[in-house]
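Letters A, B, C and D mark the chains as written, and numbering starts fresh at 1 in each.
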Amino acid sequence: MNTAKIKVRFYETDMAGIVHHSNHIRWFEMGRVEYLRQAGVCVNALTKAGIMTPIISVECVYKTAARFDDDLILETKLDKISRVRVSFSFRIIRECDSAIIAEGRTENAFADTKTYRVKRLPVDYYERLKEIKEKEGE
Amino acid sequence: MNTAKIKVRFYETDMAGIVHHSNHIRWFEMGRVEYLRQAGVCVNALTKAGIMTPIISVECVYKTAARFDDDLILETKLDKISRVRVSFSFRIIRECDSAIIAEGRTENAFADTKTYRVKRLPVDYYERLKEIKEKEGE
Amino acid sequence: MNTAKIKVRFYETDMAGIVHHSNHIRWFEMGRVEYLRQAGVCVNALTKAGIMTPIISVECVYKTAARFDDDLILETKLDKISRVRVSFSFRIIRECDSAIIAEGRTENAFADTKTYRVKRLPVDYYERLKEIKEKEGE
Amino acid sequence: MNTAKIKVRFYETDMAGIVHHSNHIRWFEMGRVEYLRQAGVCVNALTKAGIMTPIISVECVYKTAARFDDDLILETKLDKISRVRVSFSFRIIRECDSAIIAEGRTENAFADTKTYRVKRLPVDYYERLKEIKEKEGE
């Protein structure tokens, strides 16, 4: 599991006085980037290898509103990995009171940066991610 | 059903050359606003009545990438309405080739703009939305 | 001069209850895109010709706060055009009361989409834009 | 001077492969928030005291494109402070090669969160900021 810190920025709020719900989806992306980095898979290296990771689906359940200047913890877990798809699940928690802000899931494909067609993840990356997932138990 | 037009803006794209997936979630919000307006329920009037509509859940399945300058059609349908919650479903279609860009669903609560606690939707708004939903069959 | 309409979106507001000031900069970009389109210079065609238009400078003076659901008019004027740079000026007006929301200026360069180095605007595009500017008088 | 670190997020890029220029304006805001915090003036405390800080003007000169995953340093300096207005200047530098990404300036007013009219900054906050500015020499 990767754990990242997020400090809510002013521009992430809306006129209801809380964080706009599209930001949680953006934070999930940050969680994926950090999870992959920690696993030795840099998104920039993937891009150089001609691989992009188009989103296939997003789900988010919002539990508590986040607010400007909140310190949040973003937990990212690899759920499923194949050579053509990867799923992550996420939990966002407010640091000060441990309130659960949101929980979600995303699925991404591996595709060619030029043709946008499916492109299989190189074996070494795949093995590395699979191994990490297995070590984490479930 | 409400149908709205969206022209993809340059800043909505990302370095993969396609629309960033957080924008679809923002477009869904625009669909809700327009659906409610067409039903005679202006979001600004709701706000003046002390009612906000915090998001409870979002789901989106991405079918085809949208690109800068694409003309999109956003279809918004009311799925369920009670005095404390409302669900909408959405479909985004590209105008030129009828490609389905994405499909999704959202659930919102009705809450007090000051206390952020549940606040029942006034009966007249509720009746109006219920009636529209029933007329649409489905 | 190009005149475009903008309806303020909910997600463009912030917790101060007004439109976040970064959106005006994004709207200026929309004005540039529409001005160029009206002049027969599509941004997508520029991109296909290997030309991008990196921003060099932005200035914006904010006069009145814009709010959710406001109908705005965005006026875009070509100030200066050479084969390596283009300047636009902008005015944003609220439709209902003619309040001036903001005024600004931007400068963009023409650059190669791959090398990011200066790339001269093709003569036909340049002539077209220069002619339009001259017809507008000043 | 306040120095903050920024890691460029994927969603901050656009289809030109670089950071969209509206993000620099958002980063400037983060710089203001951090400068004020370091000076003992929390934006949330200001808000509770009924004070908001509407933007009056923004200027930004873009020197080098920032890219996804770049580590940036944001320098924020208080330029001028009165009881009704505050000006800051900013510099964004890429950590790895010290390239200057952008330089800018902003001016904000102090206003009442409810009436949006000018509201003088409380004397204690004003004195604190003035003192810090004076200590910094220029």
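The rule is simple: a residue touches a chain if its C-beta (ideal position, glycine included) is under 8 Å from a C-beta of that chain, and two chains touch if they have at least 3 such contacts.
Here the structure is a predicted model, which is why all the values come from computation and not from measurement.
Colleague: Name whichever of C-D and A-D has more C-beta pairs touching across its two chains.
Modeller: Most C-beta pairs in contact, of the two: C-D.
Colleague: If you take the mean of the Cα atoms for each chain, which one ends up farthest from chain B?
Modeller: D
Colleague: Calculate how many whole Å lie between the centre of chain A and the centre of chain D, each centre taken as the average of the chain's C-alpha atoms.
Modeller: Each chain's C-alpha centroid was found; their separation is 28 Å.
Colleague: Can you check how far apart chain A and chain C are, centre to centre, with Cα atoms defining each centre and the answer in Å?
Modeller: Chain centroid spacing, chain A to chain C, equals 33 Å.
Colleague: What whole-number Å value describes the gap between the mean CA coordinates of chain C and chain D?
Modeller: 24
Colleague: Which positions in chain C touch two or more other chains at once?
Modeller: Touching at least two other chains: 10-11, 15, 18, 22, 26, 29, 68.
Colleague: Could you pull out which chain D residues touch chain A in their complex?
Modeller: 9-11, 26, 29-30, 33, 42-44, 68-69
Colleague: Of all residues in chain D, which touch chain B in the complex?
Modeller: 10-11, 13-15, 17-18, 20, 22, 67-68
Colleague: List the residues on chain D that touch chain C in their complex, please.
Modeller: Residue list for chain D touching chain C: 15-16, 18, 21-23, 25-26, 29, 47, 52, 54-62, 65, 113, 116.
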